[in-house]
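Quick one: structure below, then a few questions.
To keep things simple, chains are lettered A, B, C, D, E, F, G and H as they appear, and every chain counts its residues starting from 1.
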C-alpha cells in the first residue's frame, strides 16, 4: 500500500549483507563462535550466487553438522558416517545436472571415510566437498581426530597426541591433489574475515569445477571447535592462525582453472 | 528406604557432581545407590539434570518420573520438575535464581538463598553444596561425614583444600532447612 | 517346437536381467565369488540400458551409493556374497530407516569368515532378522531356480517401492551359477514409477525433500518406530509367499527353501515312486515375512515336519515359532558347502516316518 | 549512511565480531539476555563511524548481523 | 561404616575396569556415543596397565586390530554402539571362524540408522543370531547394573578363552552412563592365560601357528562346521545364565533383560506391595546361549508370561522357542529410546492377570 | 660318515641359488609365469637374510595370494579383505619385536583396504607391506582394479576402463610417501631379472625400516597376471615394461635412510 | 523323461559349451533343462565338468551323484565318473585321449576317436562336437536341428560360419555310435 | 663348472627363463610332462657355457631352478 510520502525522501538504504536465501530461517544449533556457522553461510551464499538452489542436493555427514539439513534450504540426505562421498556419487549419477555437495568433518572424511573420499576423488566424481577440519571429533565430545595436532590433548589422547603411537596430523588436500580426478583442491580457514573471504573464493572454484564438469572439487577449511578445544572463540581462532596453519598450510593445491598446461 | 531424587539446573552449576557426591555418600553408608545423567538432546549448553537413587534394597528402575525429592537450581527446572514430585515429597529451590514459589500443599518446599550463603563463604561455587546440605537435612539421607568422605573421593587432589569450605556450605544449607527458611 | 521367449541363462545374469527389466537404472557392486557374473553383466548391460554402473571401491561404498541413488528416486541395486553382505549391514539399516526402496542380492557362499565359495544357507538369520542394528526388517525372497532369479528380483523391486523398504534376494552359488531357461515374457521391460519424495532437480516447483535417519528426541523416534512397525505388520500380513508340493496327502512335511528345496523335490518324487513314504513340501519363498500362517494351518495334518537347511538350524526356528508344539519337528543340516543328495533326504524321511515322535531325534532348542 | 543491525535473537554472544570491527562499534555490553539465553552484542555508533566494511558480519558464525549501505 | 572395596563408577568405566583386571592388554575402538567413556577410559588406563590402545580409524579397523591381537594371544577388546557394531559384523564372523577369543561390547543406542543415542534393545537379534554371515554364534551377556558391567566383562573374557570364541557384552546407553557402586573385590586383577596357539616370537622352539578362515574344499569346511557346531552345543549346555526374582509364588512371569529388567523389578515390588498381582521375573543374563532350559521347566507354573523389551519383539521369539504352546505369551515393547516406567508395566501385568488367555492381546508370530 | 675319498677330488661345487629356507616345501599354486611366485621368493630370501624367520608373522590378504601361508614357513594370519594392515597393527603392538609383514594385492590394498593402509602408514606402524600391483583382480577372475590402466579391458570394464566414469589408475606409493609415518616407499617390478634385483633392494630397505624401528615401509611391485590379461607370461612382462610403467613409474618415493636432512 | 548327465574333461576342451549346447537344444524342444558348472577348487587349469539335466518334469536337484550318462574327454574324468553311472546308463569315452576301457557290464559304453574325426573335418576343436553327437545318438535326447539352433544362439556371430562343420561333427559322432564303434 | 638344475616337478613351463639366459641354455623342448601336467624346460649346455649368472633362476616364479658354481 503506497502511503503519502514525506517530502525529503531519504537516499534508498541498501541491504548489502544479509542471510543468504539458501539458508532456512532456522538458527544454527552450533556452539557460540563455532566455525561451522561461517562455513554454512559461505556455502549458502555460493548456492545463491551460482543460482543452483533449485537443483542443489546436500549430503550431511555425521558430526556436529549432522543436522545441516535443518539449515540449508534444498534437498538433503543425511549420510552414514564417512560415506557421504559414496552417497553423493549415487545421487550425482542419477541426476548429472544437479549440484551435489557433501559437507564433512575431519573425523568423518579423514578417518572412517578415508576410502570413500579417496575413491570418489579418484573417479573424478562431479561433486563438491566442503571439508571442515577442526582437528577433533566435535560431536562426540572431543576425541582425537586424524587431523589432531601433535601433542594436542583430547579426551582420547589425554597426555597429548603421541606421533609415535598415534601418528601425526593427516593432510587431506595435499593427498587428494595427487589424484587425477581432482580438479580443484585448496585449504582455507574460517579464522578471520580475510581468511573467510579467501576460503569463499576457493569454494567458488570448487563449485565451478562441478558446474563446468571439470571434476571433483574439495575445499578444506580450518575451523574452530572452541568448546572441545576449551578456548574462547577468539582464542580458538587465534590458535588456528598461529598453530594449526603450521600443520595445515593454507593455499591452493590443485587448480584446473589456473593450470593451463593441463588439458 | 527408597529415595528417588532429581537434581536439575544449568550446565555450569555442577549439578552432576552434586548428585554424584550424594550417591557416593550413600554408598559409603553401604546403601544401594544409583546416579544417572540426563542431558538434553544437544549435549552442550542448556539444562542438565541427573537422577539419584538411594535405597536399602537392590535398585530397580534407574530413573523415575515421580521423584520423592527434587532439587532445582534454575527456573526451567523448577517448572519441569516441581509438578512431578510424589505427594509427601520434598522440593529444594534455589531461591537465589528462582523467584517462583510452589503452589502445591502436598509437598514440603524449602527456598534457600544459596548464592547469598555462598558469597558469605567467599565463592559462588559453594551454592550447590548449600542446596545439597539442605536436601540432605530435609530428607535425612546421609551423615555429613559421609558427604565429606565422598568429596575426598570425587575432588581431584589439588582441590582438597576446598573441602572444609564445602563442608561448611553443607552445614549452612542444613541449617537453613532446620530453621525452616 | 515353440520358438518361445525362453532363454538359457545363468542365475546371476537372470537376476540382473530381471532388475533391468523392472526399471532398475543404477547398479553399484564390488566383485566377489560366486556373484561376479552379476557385477560383470551389469558393467555392460546397465550402461546399455541407460543406467549407471560403478564398480565401487568396497561393498560399503556400494551400499551407500545405492542409498544415494534410491534417495534420488532411481530403482537401484547392489549384489554381493556373504562377507560383502556383512559389510553392508550398517548401510542397510540406514536405508531401512530412511524408508528407501532398493534391492540387495546375496549370492550366499559358505561362511563364517572367508569360508569357501560353495553354496550355503548360513545367512538366513542375517537376512531375516536384520544383521544390522536396530529394529528393522528387509523383505527377503529366496529363488530356487534361474527363472525365479529373474522373476523374484523383478518382484523385489515392486515390493520395495510399494513399501518403501529394502528387499533382499537370498540365493546361493549354485542358483547363481547354474543355467536354466528363463521365460522373458514373464518379465516385461517396464519403467520404474516416479517418486515425488526423491531428491533431485526442480526444487522451485515443490517442497524440498530430505532423507534422514536421525531423530534425537526419543518421542520423535518412537513415532518413527510406530510408523515402521505398522508398515512391517502390513508387510507381514500381505507378503507370505510359498509353494506347496504334494502336500495334499502327505504324511511327512518337508519345509525348505532355495537350493535345498530342489533336492527335496527329487527326494519326494523318489519316495513316492518307490512307495516308501508319502512326503510333501512347503517351500518358503518369502523368508521375511515368513509364511507362518499357512504353516500353522497345515502343520497338524502331518505326522512330523522335517526342516532341511544347508546350515545347522536357522529357519527351523521359524518353523517352531509358527507351529509351537503342534507337530514334532525334525531337522537335517548340511555343512561345508556340500549339497544335500536326494538319497540322504530319503533316508531322513524314512527314519522320521517310522518314529515321528522320537524325542531323541526331534529338534528342540532346549539343551 | 552505512550501518549494521544485530539480530538479537540470532546472536549467541560469541564476541567474534567485537575485535573484528576496525572502529570498535560492536560491543559486548551484557545488558539483555535473548530467548536462547545468550547476551547479544550491541551496535553502538553515535558518530556514524560505520563504513559498511562488513568485517563484523563476515566473521559472525550465526548470520546475526545485517549490513546496510 | 565399612570402608569397603566399593567404588562409584560409570557403567562404561566399570566395563573397561573389568576388562583390564581380567588381563585384557589390547583395546582398539572408535568413538561413538553412548560408549565414548569406554574409549576415553582405555586411552588412559590401557597404556597405564602396560597394554596397547589405539583409536582406530574406524570400527572395521578396530575389529581387525582385535583379530590381530587375539591371534597374537592377547586378551583384546573393542567396544562401540549399534551402527559401529554393524560395521564390525564381517570381522566378528572372521574371528568366530578363526576360533579366536575376544570381547566386543555394544552399548546399544536406538536404531535403525543414526537413530538417537538413547538406550534401546533393538540389537538383540544381531547379537544372538550373528549379524554377520555364516553359521556362527557369539556368547552374549547382558549386564543390568554397573557392577555387572565389570563382572560380566571379566567373565566374558574367561568364557572367550575357554571356548575360543568371541564374547559380546550387550548393554545400553543408560547402563553405560549411569553410576553405581562396583565391588572391586569381585574382580581381582589377574594375568591372562598363555596361549600356545598364538602367533608370535620363538618359532624356532615350536611348530608355526597359522590362523585362517578359508577352507576351499567343502569336505574340509564341513569338518570345521562340525567342530564349531560341537563347540556351540557344548556352550549351549554349559552357559545359561539367569536370575530369578520372586518366581516362587508368582502368577505372572515377566521375562526381560538388561535395562528393562530393572524397571520390571520395581514394578513387581509395587504390584506386590499394593497386593495387586503376584508377579515374578526371569531375568536372562546370557542371551546366547539363551536359558531355554529353565524357562521351559518353569513356564507351566504361571498363568501367563509377559516379555518386556525395548523394541518391537525380538527376545520374545526365544521365549516362544523355549516354551512352545505351554503358557500364553504376552509382549510389551517400548520405542524410540524411551525407558519403560514401572506404572506402564504394572498396568500390563494387571491386564494380563485378568485375561491371560486372551488371543487378542497374546503375542503370536502369525499374521 | 666319512668315506674313502677319490684321489682327484673335484673342486667343491657350491649351490649359489636355491629355494630359501623360509619357504615351505609346497609348490606355489599360482598360474604359470605369475609374478606372485617371484615376489614370494624375494620376501622369503629377505626373511632368511635378516634372520627373522623365527619371529616373522605374515598377514595374507584376500586375492590370489590368500593361501600365501601355505608357502611361507612362519606364523601367519589370513586376514579379511583389505584389512591386513589393521590386523598387522594388532599383532605388532602385541609383539613389538616380531617382524610383521602384510602381503597384499592391488584390489585388497588400494580399493577396499584404502582406509586401513592409509592409516597404518600415517600411524607409522612398524610393519612392512609388500604390495603386488597387477592392475587387476586376479582371484575373482579379472575385474577392474583401482590400478587398472586407462582403456584396459577387464570383465567389469568390457569396453575398456573409462577414466571419465571410473577414474584412472591410482598410484599408491606416491600417495603414501606423503605421510609422515612412512619411512620407506618405493615401486619396483617383477618383469625382468634386473628389475627383480632392484625390487629386492627396495624390499630390503622396507625390511630395515621395520627392523631398525624407523617406521612403516612399503614396496609396490608391478606384477603380471598373465591369465587375466590374456597374455603369455613373456608378453605380460613386456606389457609391464612398456605400458604399465608409464602409469606407475618405478623408483624410490621416500627413503628415511637416504634423506639425511630428516631426523 | 529325466536324464542327468555329467560332461567332464580338461579346461580347454570346451566342456562347458558342449553342455550348454545340449541344454539349450533341450530347451528349444520345450523340455526342462538345467546346466551347472563345477570347477575344481582352483578356478584355473585342471579339470572342468558340468552337469546337464533334461527332463519333462520340473527339475529338482540340479546336480547328481548317479548320472544316467557321462561323457569323459580325459583320463582323470574317466576314473572319477565312470564308477558313478547309474546301472543301465551310458558312457561316452573320448578314446583319442583315453586308452582305458570300462569293466562295467551294467552300462553301455561307446569309445569314440573324436580327434580322428575332428582332424578329418580340418580342426581338433570339433572333437567335442563329435562326442556330443555320439551322446545324443546313444541317449536319443534331441534332434540335430535343435542342436544346430542352439549353436546359432550360443556362438558369437563371427563364428557362425563354422556351424555347418559343427553339425557335420555331430552327425559323424552319431554315426560312430550307430555303427557301434 | 657353473651349471643349473631344473627341478622338473616344480617347473610350470612358463618359459620366462628361456629368453632370460644370455646363452640360450634353457630350452622349452616339450619332451616330457610332469605330474602337474606341465612341460618342464630343459637345461642344455653341452659346451659348458653357463656362467652361473642366475638370471634364469631370478626370473623363475616357481623356484624351479637351482644354480651351482
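Rule of thumb we're sticking to: a residue touches a chain if its C-beta (ideal position, glycine included) is under 8 Å from a C-beta of that chain, and two chains touch if they have at least 3 such contacts.
From a predicted model like this one, the values you see are computed outputs, not experimental measurements.
Q: Going chain by chain, each one touching the next, work out the least steps from chain D to chain E.
A: When the steps are counted carefully, the minimum from chain D to chain E is 2.
Q: Out of every possible chain pairing, name the one holding the most C-beta contact pairs.
A: C-E
Q: Between chain E and chain G, tell me the centre distance in angstrom, where each centre is the average of that chain's C-alpha atoms.
A: Centre-to-centre distance between chain E and chain G: 56 Å.
Q: Based only on mean CA positions, could you tell me how far chain B sits from chain H in angstrom?
A: Distance between chain centres: 87 Å.
Q: So what's the Cα centroid distance for chain G and chain H, whole Å?
A: Centres of chain G and chain H (C-alpha means) sit 39 Å apart.
Q: Quick check: how many Å separate the C-alpha centres of chain A and chain G?
A: 64
Q: Which chain H residues sit where two or more other chains touch them?
A: Chain H, residues with two or more chain partners: not present.
Q: Residues of chain E that contact two or more other chains, please.
A: 54, 57-58, 60, 83, 90, 94, 98, 114, 116, 212-214, 216-217
Q: Give me the residues of chain G that touch two or more other chains.
A: 41-42, 45
Q: Could you pull out which chain C residues touch chain A in their complex?
A: The touching residues are 25-26, 28, 52, 54, 56-58, 60-62, 64-74, 76, 90-91, 94, 98, 199-205, 208-214.
Q: Note which residues of chain H are touching chain F in the complex, please.
A: 1, 9-10, 12-16, 19-20, 36, 38, 52, 54-55, 57-63, 65-69
Q: Touching residues of chain F toward chain A in the complex: what are they?
A: 111-115, 118-119, 122-124, 146, 163-168, 170-171, 174-175, 178-181
Q: Contact residues on chain A for chain E in the complex?
A: Answer in residue numbers: 62, 66, 78, 80-82, 107, 111-112, 114, 137, 139-141, 143-144, 146, 155-159, 165-166.
Q: Chain E touches which residues of chain F in the complex?
A: Residue positions touching the partner: 53-57, 59-60, 66-67, 69, 73-80, 83, 86-95, 97-98, 115-116, 118-119, 123.
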